[in-house]
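Would you mind keeping the following structure in view while I ask a few things?
Labels A, B and C are assigned to the chains in the order they are written; within every chain, residues are numbered from 1.
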Amino acid sequence: MGHKSDIKLIVDGKRTDGRTVDQCREVTMEVNVIPAADGSAKVGFGSTVALASVYGPRELFPRFMQESDTGILRTRYNMAPFSVDDRKKPGQDRRSQEISKVMKHALEPVLFLQEFPKVTVDAFAEVIQADGSTRVTGINAVSLALVAAGIPMSHMVTAVSVGKADGELVTDLNGKEDNFGEADMGFAMVHDTGEVTLLQMDGELTLDEIKKLLDMAQTACGQILEKQKKALRDFYVKRGE
Amino acid sequence: MENQVQEKKAPRIVLPGEFIDDLKGRKTNAGVYIQDDKAYSQVVGVPRVGIYEVSVVPLSGKYIPAFSDKVIGVVKEVEISGWLIDINSPYMGFLPLSEGVEEYVDARADLTKFFNRGDIIACRISRVTKTKSVQCSMRDMMARKLNGGTVIKVTPSKIPRIIGKNGSMINLIKEGTGTEISTGQNGYVWIKGENQALAMEAILTIDKESHMPGLTEKIEKMVGGKINGTQE
Amino acid sequence: MQEKYALELINKGMRVDGRKLLEFREIELKTNVINKAEGSAYVKMGETQVIVGVKMNMGTPYADSMGEGVLMCGAEFTPMSSPDFESGPPSPESIELARVVDRGIRESHCIDVGKLVIDEKNVWVVNVDIHIINHDGNLMDASALGAIAALKTTKIPRVDLEKMEIVRNDYVADLPVVHTPINVSVCKVGSNVVLDPTKLEEGSIDSRISISVREDDKICALQKQGSKGIMIGEIPGMMELAMEKSRELRKLLE
C-alpha cells in the first residue's frame, strides 16, 4: 500500500481494467483439477490464479502433534517463483507464513474437525499467477477443495478483497490497485451466517469507509458463493454423462 | 436401502450448508448436521430423505470406521500381539491375536503363519473407541482370508450401489465376468477370477456414475447380462 | 482447570485479577532503556514485559521506493519469556506479531521516510526489534506500544560522509515521527468483548481483531486472529471501542 505514484487508478469511474468500482474481475472456478489430491480446485480472479489441493483426513506425524479429541487443519499458502514480475525466491517467506496462518483461521470455523480425532487435514494453496488479491483467491480455492475432498463442513467459506484506490472504495483489487492504492482489505466470510473469518487491512481508512467496505465485501461474497456452488454442481452433476 | 430416491432424472445434489429437510422427529445419519430442528448437509452428496431418517450419501471423502462395519483389509504389519490392518482409512485397524485366530497360540509363535504382510482379509469392525482406536475381528460368519485376486479402491459411500438391491448388481457382475467379488464398506473391493479386468471396469464405472440415470442398463450391456425383476 | 475458571468469570463479566472486561492492566512505560540502541522502550503491561529497540543503519532503498528510508520490523519470542516458546526458527505467531506491528507503523505513515535519505545511494534503515521478556498475554498491544514509544525517542546518528560511516552516540536529529498509531486488540469470548487478556484468559478467546488507530481516528491496520468467526455486524462496534481505548493509551506517550 501507499507507494507514491502518478498512476491514475480510476478515470471517469472506470478502473485500469475497465471495471466499475464494485465489480469483480472475471471469476473462473473448477474443481478436482489435481487427480492425486483428495480434493482440489483452481480459481481465477482475472489474471490472478490459484490452485488448491486437500489431502486428508490422514494420519498425522510426528505423533506429538496429534490431538486425541479432534483433528487438525494445516494450511500452506505459497507463491510460485514465476507468479510475479521479479522472480520470487522459492519457499516460505514471512509473508507466506503469516498468510498460511490467517488462511487456517479463515477456514477452521466451518470444519467439523472433532469428527476426526488424531488426524490432519492438509490444505495447500499455490498462487501460480499473481495480479493482486492472491490470498483471497487462495482461500476460495481451498474452500472448494475441502468440499471436493468430502471433509464435513457446516458451510463454504467465500473470500474477496476490497479497498480504496484513488479515493474510491473498490471491490476485488488488481495488482496495480494493491500496490498503489490507499488501502487493501482481505476478507472472508460464511455468507449464509454473516460470520467473518478473515479480516486484514492495511492502509488508511475512516470508520465509515470500513463500514462501507464490509458491505461491499459481503455483497461480493454472495456473488462469489454462487460461482463456487456452480463449479461444484457442474462437476458432480455433469461427470459421467 | 429403503430410502431410495424415486425419480429417474439426475438426482438433487446438496452442498455443505444446504438445507435438506425439516427434521420432524426423524433421525439423522452420516453427512448431516442439525440446526434449529432442520437438517443441513455437511458434504457434497445425494440427500436421502426417508420416513425415519435423513442422511446424505457423500460423493467423496474417506472411510471412517464404525462398529460392525464389514471391511476388506490388507495386513500392513505383523506385531507381537496381532496385526495392523490397512482399512482404507486415516485410522489403522488392529486385529488382536485373540480376534484373529480360533486356536490357542503360544506367545512366542510366529504370527506370519496366520496372516502375513500383504494378505487380504474380509473382517468386521468389532470396536471403535472415542479417539478412534479401531479393533478388527475375524470372529464373524463372513470373515475370511482372501487368497489371491486383487483389491481396488472405490468411494466408500458407493458400496451399496455396487452391491445393488439384494445383491442384484454385484451378482450381475460376478456372473457376467466369472469372478468372485467381496466388498467392504470401507471402499475396498476384492476381485478374483477369469475376467478380473472387466469386473474392475464395471465396478469403477458404478463408482463414477452411481448417481446418474441409466447406470444399470450400462452395466448390463458392459458385462452382458440382465438384472431380473425390479431394478435397483 | 484455571483456564476454565477464567472463562467462567468472563462469562459473568468478571476477571481473575478483578478488572472490568474492557479495562487494561496497569501499564508501565520507560524509554531510552538500552544505551546501544538509537531508540528504545520497555513496556510492562501487567506481567507482560516487552523491550523494543530501534537500530539505525545505512542501507539501500527499495527499488520501488527510491528516495525513502526503509522500515523493518522483527519480533523474537525468546525462550526465556515463556515455557511455550522454544529456540529455533521464528514461529508463525512471532512472524504475525512482527508483521502486524510493522503494518501499524508503516500504514499510519508515522515515520516521514522521505526525510531519511543520506545521499543518492544510501538511506536510513530503521530496524524495530521487539523482544518479548515475559509473556502474560496481549503481546500485540504491548509490542505495538513499545514500538511507537521507541520510535518517538529514536535519534538519527551523524554520518561521516567521507568515510561513509555512522558515528554512534553523536546525534544530529530526532527520527521524524509524525503520527502516533496505537494498537488495540479487541477480543471475543463467547458473546463478551474483552480487552488486554492475560495469557490465562487468552486460552478462552474465540477470536480477536487487532486494530491500529491513528491520533486522527484513521484506522491503518486490521488483523483478525483466532479460529472462530466474528459476526459482520459486530465489527464496527469493535472498531469504535478500539478508537476510544487508543486515545487512553496514547496519553502514556505524552
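In the analysis below, a contact is a pair of C-beta atoms (placed from the backbone, for glycine too) under 8 Å apart; a residue touches a chain by one contact, two chains touch by 3 or more.
Given the structure is predicted, the values throughout are model-derived calculations rather than measurements.
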Central subunit by CA centre of mass proxy: A
Far-end chain from chain C, centres as C-alpha averages: B
Between chain B and chain A, distance of the C-alpha-averaged centres to the nearest whole Å: 35
Whole-Å gap between the CA centroids of chain B and chain C: 55
Centre distance in Å when chain A and chain C are each reduced to the mean of their C-alpha atoms: 27
Chain A residues counted as touching two or more neighbouring chains: 190
Shared-contact residues (touching 2 or more other chains) in chain B: none
Complex contact set, residues of chain A against chain B: 38-39, 56-59, 68-69, 110, 112, 115-119, 147-156, 190, 192, 229, 232-233, 236-237, 239-241
Residues on chain B engaged by chain A in the complex (per definition of touch): 10, 13, 15-17, 31, 33, 40, 42-44, 58-62, 64, 90-92, 130-132, 208-209, 211-212
For the chain C and chain A complex, residues of the former touching the latter: 64-65, 90, 92-93, 95-96, 98-99, 103, 106-109, 207, 209, 214, 217-233, 235-236, 239-240, 243
Residues of chain A that touch chain C when the two form their complex: 1-3, 94-95, 97-98, 100-102, 104-105, 108-109, 179, 185, 189-190, 193-207, 210-211, 214, 218
